[in-house]
Structure formats: C-alpha cells, structure tokens
Amino acid sequence: MTYLPPDRFFSPDPTTRSLALELYGPVANLPIISPHGHVAPRLFSDPNATFGSPADLFIIPDHYVTRMLYSQGIPLESLGVPRRDGGAVESDHRQIWRTFCQNFHLFRGTPSGIWLAHELSEVFGIDEKPCAANADRLYDLIAEKLAQPEFSPRALFKRFNLEVLSTTDAATDTLELHQSIRESWDGRIIPCFRPDGVVNLDAPNWRQNIEKLEQVTNQPITNYQSFIRALEQRREFFKAIGATATDHAALTPATAELTLVEAETIFQRALQGQLEADDATRFTAHLLMEMARMSVEDGLVMQLHPGSLRNHNEAIFQKFGLDKGCDIPLQTEYTRNLRPLLNKYGNDPRLNLLVFTLDETSYSRELATLAGHYPALKLGPPWWFHDSLNGMARYFEQVMETAGLYNTAGFNDDTRAFCSIPARHDVWRRASANWVAGLAVRHIVDLDDAHAMMNDLAVGLARRAYKL
Amino acid sequence: MTYLPPDRFFSPDPTTRSLALELYGPVANLPIISPHGHVAPRLFSDPNATFGSPADLFIIPDHYVTRMLYSQGIPLESLGVPRRDGGAVESDHRQIWRTFCQNFHLFRGTPSGIWLAHELSEVFGIDEKPCAANADRLYDLIAEKLAQPEFSPRALFKRFNLEVLSTTDAATDTLELHQSIRESWDGRIIPCFRPDGVVNLDAPNWRQNIEKLEQVTNQPITNYQSFIRALEQRREFFKAIGATATDHAALTPATAELTLVEAETIFQRALQGQLEADDATRFTAHLLMEMARMSVEDGLVMQLHPGSLRNHNEAIFQKFGLDKGCDIPLQTEYTRNLRPLLNKYGNDPRLNLLVFTLDETSYSRELATLAGHYPALKLGPPWWFHDSLNGMARYFEQVMETAGLYNTAGFNDDTRAFCSIPARHDVWRRASANWVAGLAVRHIVDLDDAHAMMNDLAVGLARRAYKL
Amino acid sequence: MTYLPPDRFFSPDPTTRSLALELYGPVANLPIISPHGHVAPRLFSDPNATFGSPADLFIIPDHYVTRMLYSQGIPLESLGVPRRDGGAVESDHRQIWRTFCQNFHLFRGTPSGIWLAHELSEVFGIDEKPCAANADRLYDLIAEKLAQPEFSPRALFKRFNLEVLSTTDAATDTLELHQSIRESWDGRIIPCFRPDGVVNLDAPNWRQNIEKLEQVTNQPITNYQSFIRALEQRREFFKAIGATATDHAALTPATAELTLVEAETIFQRALQGQLEADDATRFTAHLLMEMARMSVEDGLVMQLHPGSLRNHNEAIFQKFGLDKGCDIPLQTEYTRNLRPLLNKYGNDPRLNLLVFTLDETSYSRELATLAGHYPALKLGPPWWFHDSLNGMARYFEQVMETAGLYNTAGFNDDTRAFCSIPARHDVWRRASANWVAGLAVRHIVDLDDAHAMMNDLAVGLARRAYKL
C-alpha cells in the first residue's frame, strides 16, 4: 500500500475534495517558512553532522512519540531515553526500533502517525506501515540512508526547501553556533530570544542564569535596572545575528505593571534568594510588559506561549528531566490577563504580539475577539497538541469568522524533530486548502479570494507576522 | 460574478444541499420577527428620515465593520467615527468609502462579509465585490438610491417584510418616538425595557439616571422601595407602548437575594455616592431576581445578556466612547449563578427567562441542561460574535440534543444596522435548513418533522418566546 | 414510514456512508458489554419479574424523558412520578402514555428520541411515530407484549445478546439479589462497588450508612482505620460476587492526601456530627487516593464520575427526590486536581483509573493529554448528556488525536432503562463506524486498521479496560 495519496486529508465530498486539491497544488511546493521551533543549531553548524541511528532520529528525542508508548506501559528506559543519573537504559537502537514498530498501532489516527508516515515515505522512500515483521528491514534501510551525505541535516534543509528556520535560544546563549552557521553556509537559520530562564524568578538555576547573563553582557547585574539593560543588550545582539522575534513561556498570560520600586524590591529579594509568595508571578507579569515595551522600541516580534503546567509527572521529571511528554495544559484566561499590556501597547502598530493557546475554549471567546480589535495583536497557529488535522479544523472554524484571517500569523511547526517539518507544513497546507475549499463551495468566498487566501496561509501571513 | 447563488451556505453534499434548499424554500420569504435589536426609533418616527451617505449606512456606525479595519491599523478617525471631544475626523464620506473598499479583503470568510454582500446585492442590486477600482462607482450608485423615497427606512421596513421590530430603550426613556411612530404609521415597532443604567449602581451617570427616573415617573426616589415602585411603573408604561420584553446586561449572571434591609442600605450608599466594594455586584444580582419577580407578575419576557467586558480598550473608550468594537467576552458560569433565581422562579410557567451567552463552552455543559429542565428558562440564539454560520452550526450541534429545540427562542439579530436585518435572518434560515437537512438525511428526523422544525426556527419559536 | 433504515446516522457523503456501513456490519451483532449502568438487579433475581405497563417501562422512571416533558411545563405529577410524601399523582398509566405521545415532538433530534424509536421498533415491532392519534393503539400493543414471557427481563437480556451487565451498588449493599441471580441463572450480571454514601461525609444519611456498614462487615467502625478496613473488606466481598470495578462520584476530581492524624480527626468529627467547613471536601479528596491505593492492591478498576451539581432544583428534590433530571454539570478542572493521585499512583500499571467528564472543554485540553501520558489513566466514553450522536462525534474528534484510541475505555451506557441498552450501544457502534470511515476515506488510517479499530471500539476496549 501507499500511505500518501495526493488527495489525502481532504473532505470526502467530491466537489470539495477536487477544489481543495486545486487550491493545494500551487502552494504545495512553496518554500517552507519555519519561524518558531526547537531544532538544535548544532545540526547545521557542523557540515558533517548526522542524525544518528533510526532510533535517534524517530524515537528517543521525540516526546510526542515516547509519551504515547509510555502511556501504554512501555518504560522510557526501554526506549533509550537517557536518565539524569546516568542509569542504564536500552542502548541497542535496533531493539528500541523494534519496540516502536511492534506498537505502531498506538499511533492510529494521531498526528504523530501522520508525520511518521510522511517522513518514512517522502524522506526515506518507505511506503510500508511499520510492524514487528518489517522492523529489522526498515531499520537497515533507514540506517543505510542516514549514512549518506544526501541525508545530512544541511542537505535535507535544502531538499526540504526551507527558506528560513528559527531556533529558540536562551537569553544567555552566546549564539556561537549560529555565528558559525552564518559564516560557513547559506542556509538561513536564525535565533529567537527566549529569556524565560532569567525572567521567571522561580526558573530552575535562576541565579546561575543571571551570572551567565553577567558574563555574556560583560557587566554586573546588581539591580533591576542593570538587569533590564542586560536584556536590552542581549536583544540587540540577537537581532544582529538575525533574530526577528522573542518568545516567552508563562504559566498564565497575566500582565501587570509594577512600580520601579516594587520591581527593584522583588529583584533584590530574588538576588538574595529570599523570594516571597507571588514575587515570581508578579515579576513575570511585569516583565511581559517590559518585553512589549522593548519590542515597540527594537521591532522584535513578541511571542507568548502560556498555559502549560510543565513536568506534571514528578517521577518522570526526577528521572528523565524536562520535555518528556508530561506537560499538561491548563485553563487559560486572556481577556483580563492581557488587558494591562494591551491597554498600554495594544494600539501601537510597532508592536507585533503573537499569542498562542493550549486552551481552545479561548479561541472564539477571547483570542479571536481580541485579535479582531487590537492592531498589535495576532493569533498564533494551533499549538502543540492542537497541531493536528482536527486541531486545525477547529482553529479555522472557531477563530477566523471573528478574528479575520489577516489577524492570524500563518503556521509554525514548533518542533524539535527536523525531519517532521515538511510533514507538519504539508498537513497545514492541506488543512488550509480543505478549509478554504469548504468556504468556496458554499459560496462564502469566490475563487480569486480562495487562491489569495491559500498563498497567505502557506507563506504570506507567517512572513509578515515574523518580519521575514 | 454574482455573490448570491440560491444554494449558498448549504453543505456541499448534493443530497443534503438539495434537501436544505427544499426546506429553506417555504420559509425564505416568511415575515421577519425581530424581537431584540438596537435600531434607532428616530429612523421611523420621521416619515422623511434617510440613511445618509453610503458611509453613514455601511461603515461609520457599524462596529463590526470598523473593528476589523481598526485591527489592521486603520485609525477610527480615518473612518469618520466621531470623537467625544469633537476633534477632527475624516469628513469626506467618499474617502471613507474608498478606504473600506480598498480593504474589503479583510472581510473574507467573516459574517460581516456575508451581510455586506447580501445588502449590496439584495438592497442595492450590486453584485460586485468592492475594491479600489470600483469604489467611486459603487459610492455613486448607492448614494443615488439612498436619495430615493423607496430607500427610506419606512419603505425598506415594508420591503423587508418585517412583522415586528423591537428596539432597546433605557428605563428612563420617554418613548416619545415610539408613541409618534404608533400615531403616524402602521409598522409595528416596539420598545424593550432595559434598566441597566439605573439597576447597575456603578453605571456611568447612575445618579443622573435616577434623577431622570424621578422625572419620568413624577415621584421622588429616596429609598429602595420607591426605586422598585418606579421600575414597576416604568414597566407598565413600556407595556402600554407595546413592549413585551425586558433586557438586562450584567458582567456575570450572578443572582442572589438581599434582605430588604441590605437592599435599602446599599441603595442609600449609592444615593450618597458612597458605594462599597461589591455593593454594585450584589445589588445587580438581587435586582435580577426582582426583575424575575416583576416578570412573573406583569408577564414581560426577561432577557439576560451577561459576560461581556465592556470597553476593554480604554484609549478607544476615552476617545470614541461606547460600542466601538472593543467589548470582549469573559468566561461565564451559569449553573451556580442562576441557581437562586431558578430555585425561586424557575418552576413558574408565568416566567419566560431567555438567557444568552458569549461563552460557547456553556452551551452543552450548562445552558442546554438547564433549559432542558426548568420550565421558565429558554436559551436565546447564538449571540454577537457567534451570530455567524459557524456560530450557528455550533449552537445547533451543542445545544439541541440536550435542550431540545422547543426550549430555544428562535433567532434575533441584535443589530444597529437596519439594512443588515434581512441578511442576518436569511443566514439563520439557511443555517437552520442546513442543520435540519443534516438530521433528515441521516434519518434522525423525518420530513414531516423537518418542515415543522423549519417553521418554528424561522418564526414560531421567536413569536412564542417573545409573546409576539 | 420506518424509523430505522440500515444506514441511519452515517455521513450523507456516499463514499463515507457506504464504508461506514461496511465497517459497522461485522460489529453490529457482537455481544454487548455493559460495564457501567444502573439497571435494578431485582429485574433479574426474580425469574417472573416484569417491566409493568408501557408507562412504567418508557416514562415514569426515565429522567431523560420526564425532564424534557417537565421543561415544557408538564407537571411530574401528571407523568406519574411518585412523590416523597405519597401525595396524589396520575395513576392512570394510559393517560400518562397519552401525554407522552401528544408531546413526542419534543424529542425531535434528541438522543431520547433516537433510543425510543429504536426500542419501539426493535423490541416491540412498532415503526410508527407516537402521536395523539395512535397513543391508545400503541399502548395496547406494547402492554400486550409486556405480558408475554418473551418480554421478561431475563428473556430480553438473552435476546439483546448481553455478554455482561454491571449494576451499581452501595458499599453497604448485601448483594443478596446478585447472589440469587448467580445461583438461579446464567446471565452474567455483576455488581460495582460505589461507596459515595459512606465516603462523602456530607452524603444524606451518612451516619445511618456507617451503621449499615458496621452491620454488613460485622465490626464496629469507631475510627478512621476501622472505616478503611471495612471498605477493604467490602471490596473483597464485591469481588467475590463478580465485581471488577468501583465507581466514585464527586463534585470535583480533587485529590489530596491527608496525614493519618488529619484523616482520623475529620472522621471523628463526622462521627460526632460536628463536621467543619471543608471537612467533607478534603476527606473525599483523600479517600479518592485511598481508593486508588486499594485498586492497586486488589485490582478493581476505579471509575471517577465528577462534575455534576446534584439536585439543582430544590423544589423538585423536596417533592420527588433524587434523579429527576435536575442534576446540572459544572466546569471541571482535572490537570491540577488529579495531580496528587497521578503522581502517587499514575505510573503504576496495576491501577486502571477511568475518568469521565461532563465538561467537554476538558477533552482536548486536559483529559486527552493526561490519558496520553499516564499509564494508569484511561478516558471513559462520552457521558450522560454527551451520550449522543454529536457528543460522540465531539469525543472522537477532540480526544483521539491526543489521547490515542488505546487510552480510551470503549463504551458504556450508564442507564437505568434496560430496554434502551441495545439502542445506546447501536448508536455508539454507528458513531464509531462513521468516525473510522471518515478517517479511512481521508487516508488517515487504512482499511486493516479501520476494521481493527471497530472491533476495539465495539467490545475490545471495554473488555480490557474493565477486565471483563
């Protein structure tokens, strides 16, 4: 069988399906704009970097994959996920691959199942469904290809037709790898300024992060104002290396301005390791407003990713660390929380604030209505668990009537799994074509509008939202 | 091209589409019942009233239109929206119209886009999509028509086949314009009693509103009991001028009974300008129960529209005032909040309480389950941002199974834009036909039931819910 | 007309419809697994038990039916619903049936309407829609059949092809009826351990329930530890009579561990009738964790049904008692609430925790993400008001991509209305076939996967989740 018929994912209605295919065609091979994600820059700074084994590529680092296997009782150790204490985990990558193949049915109907099928077929020419019987053969096939220079990260970057790829980098990152990429290669890989580790006073290792910030800015951080100056300096540095955006995670999207005295008082308590209850929460809310101010001044696009309760499963966090598939979404309120920031900066066209959500109930109620009013606000694409066919359909249906297409920010893949990037953008372009075709066959938009919308969905909105 | 094919908005599935068209046919031209809205009575009290320029009709007063343009950085001043301080705004209506036409792509896939296309085509015979190139020509075409007597408000009321149109009027309104309409014309335009300005103690100008209430009732309001008597008297007056309903806005649907002493104490603090925290909130919750009591006694239908955070954007409110597209919905809880009112009056068949929501999560969880139990409660139609094709589809899908069709209140347009009324009702009738056709083709209802449901959706439910 | 065409409820798209029918075929007649419900065991312990009159079977005890009639102003008295005070209610069952038939239009498009049509047709051979004109004739037809031995509960159990039926039973139940069923008949009817009446300290008659618990365990309950021992003993007893699961209702899914001293202190206050604020809430949260511990130890599957505000309508509760259609859902938070329990037991494969929700917003945000990670957690089927065609479609769409099919628990009917069981499972199997067909026609899964998924949805998932 082949997994990838040309009209996959489109409505079964023949009229809609054929129009969707017609709309998808012209955008299918447009370059990929990847303005937000977590691919490691080291894959590209070293011209000889490789992806490792099939298990390295498809399983071990991909928490979308490992969480589903773990949920069915398969220990992370048996999947080769490294332990923080260096304890033994499965080191036979062929055996890890077998476990994955034997349990491939768990991915039925999931986005991971779709991405994996796409990667196997389009990147490796494998149109078989993994199973116990073909596990070893597929392993050998993939391993053989991964050893070839055509399968190096740099080669695949070109083959994938990536116009630009943004990584996500700590405020204290020296960006040496990015500099080395720029000096040695013409692929456009840009950093994104993510200051959570120094901005969230309760971040793990906050004190060390501040010391690192002192080092990279080459100036002491002894008070709130020197801290702010250091952030401003780092933003300038990131811009110089190509960054066009910042990114901010927070438990809630609360924003609220402190007085200078309050900010200083809290910051001093943090320096002295004597945070009081709510200090970190209030400081983050204040810093989000400061970040908006800086964005107004330096033009960096501001991304806000709130609402994930990180490391819900403490045992897994203790044993394996961050990003192991146990971050769980929370109800998230935007109307009241964003009000202080939007009242101060939301009418300023110099600000480009892109807001994301894991709480889909905010789409039609809060985010579409806010984005449909404030000039500075745009809504980011369906995020994380909602980066899926149904998630996209809900997004189009619940957001667009009220926000308007032009107050959204196109697509971004937000992935660590480099080889899944084309699959994810393809799913978005197909879901977009299906949505627009549905509007056109019901005579809500005409064909001229439909084609224009497709181009914007595929590349235009993302380019403009991220100033790329 | 033509914007308005006869089967627009129906499912692309041929069987569903043709049945939807068959179901829509008999209700397409039924009279329009408009039991809740904000059209200005002065359009009808003066037989020679006109709609003004094309910009006056389509753009300047319509916050659905201006918010979308504003969200993309177009200043409200350039759209001719009047400033509170009388400062300069664009006064060339042709220029305003051009700005609108140049940006018409912003309305792709939005309900405003649908309504505007309907109005242009059905009211003005224009089947072109506005754009920079045709802006001046369309302006002239529309302006010419608006100067003709066939395009006066009274003439269009008849042409639109409006059976009844309800306005919304302050408790202190003298209803002179309504009286003058009744004396000079046979179009049925009725008032609706909206006492927010005197009931919500923190309403802007509350003290002046109370003074106005004293004047129109011709009796001093010195305590809670005289306040209640004044409200009762005004309700009687509204009934005498044709009102069948009241309307209440509130930040939340909280209801709770105060003792007489508590009510009096809070009211006295309000009179003395010494409100304490929560006074206004508690008083509104109490007054909602009082309003339910009065409805039991005088038979006026009670509408409750909670959950909008008005004037979210303070700068816009300061400069331009109310209703400029910056009211943003809030999460809204009904199960606990309505319990006191429903426990006291919800089993009384004399009460007709129609509840609306901007929080669609309450549909299947709270409102459908409450409406499917309490005899006094019915659920109003999809409101405001949800008055759209997708909003209606979600409403039908999430409400009807649990509430039952007969615990809903049909449609109302809730609009200030008189010429959009036929468009909005047509969208509802088409969305209804599409929903019912979907039930019939899946054999959930038979054809007899389907036709009966269509009649109820188009006119029957609204007539009965509003006693019209 | 006939109500029940073979392709009912499937998508109108011909390709999807025919594939859905093809997928549905092989599972249509598989045995019914009913692992959670409220059918009375007395229907089966007495070989000569009958269902009574048509009103006894279809109307009087079915709060799905009576709530809809009541919501339109039909008094429960006129439907024969018994009053707690023994006051007069309609005793002419033919008259009750007439009222039901005259108002059958209220069930248009509702799940009750679908179930009733199925029961009339499949169980009684009646393919007419009830109405005023045929009410008496239908009454006689049904009454005649109900008098025949082929329509006894035991006979219908066999005819319905029930493999297993679980009842729900208080922790203090002697299970005599179950024992008598086991001794006299081969139908598999098993109890389920529901300890709400002794675990929730604010349950009505808690003190008497504890006394009853003392009697059935034949040991005094004077402190927390003897209480826990009694519960453990009862669980063992239920297991011995065939139980494989427990069931727990709670206002919220809060879980939190008390110290032994705290638990003892609160329990003593309860024994002395001196509960303090929050005692009951904290004790329930603690007991849920204790129940998880016991499940780890004794292997009973743990079901959690939170989020219903029982007896919202106090007047109805006073007059008619529990379960009269006035339980209303609440917003329900799972991410933080379940965290203590999941952190302690969620990684333990010996625990099988099945969580239900009445708050559909938790599907994609919280429950699918939790179930897609924790090995011990699975998501129960769409519950109560969401046990409907649209409710199932939303469940499939919002849950499956993130949770994965194999972290869900199949279907259960949760009904008191024995004759509706085949109808409810048929709706689930049809809705499942429609969902899977939709995946297959869009090439998201292939046909092999589709058939395997159907088998799991119809019987496999429920068998495994409930260890049946």
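For clarity, chains are labelled A, B and C in written order, and residue numbers in each chain start from 1.
One rule holds for everything that comes next: a contact is a pair of C-beta atoms (placed from the backbone, for glycine too) under 8 Å apart; a residue touches a chain by one contact, two chains touch by 3 or more.
None of these values were measured; they are calculated from a predicted model.
J.: Between 0 and 180 degrees, and as a multiple of 5, what angle does the rotation take that fits chain A onto chain C by Cα atoms?
T.: The rotation relating chain A to chain C comes to 120 degrees.
J.: Over half of the interface residue numbers used by both chain B and chain C, so same, or under half, so different?
T.: Comparing the two copies, chain B and chain C contact each other through largely different residue numbers, since under half are shared.
J.: How many Å are there between the centre of chain B and the centre of chain C, using C-alpha atoms for each centre?
T.: Chain B and chain C have C-alpha centres separated by 40 Å.
J.: Multi-chain contacts only, two chains or more: what residues does chain A have there?
T.: Only 11, 13, 361 qualify.
J.: Please name which positions on chain A make contact with chain C in the complex.
T.: Chain A reaches chain C through residues 1, 3-5, 7-13, 67-68, 70-73, 105-111, 113-114, 129, 309, 312-316, 325-326, 328-331, 358-361, 385-386, 388-391, 394.
J.: Can you list the residues on chain B that touch chain C in the complex?
T.: 11, 13, 15-16, 333, 335-336, 339, 342-343, 346-347, 349, 361, 364-366, 368-375, 377, 397-398, 400-402, 404-407, 438-439, 441-446, 449, 452-453
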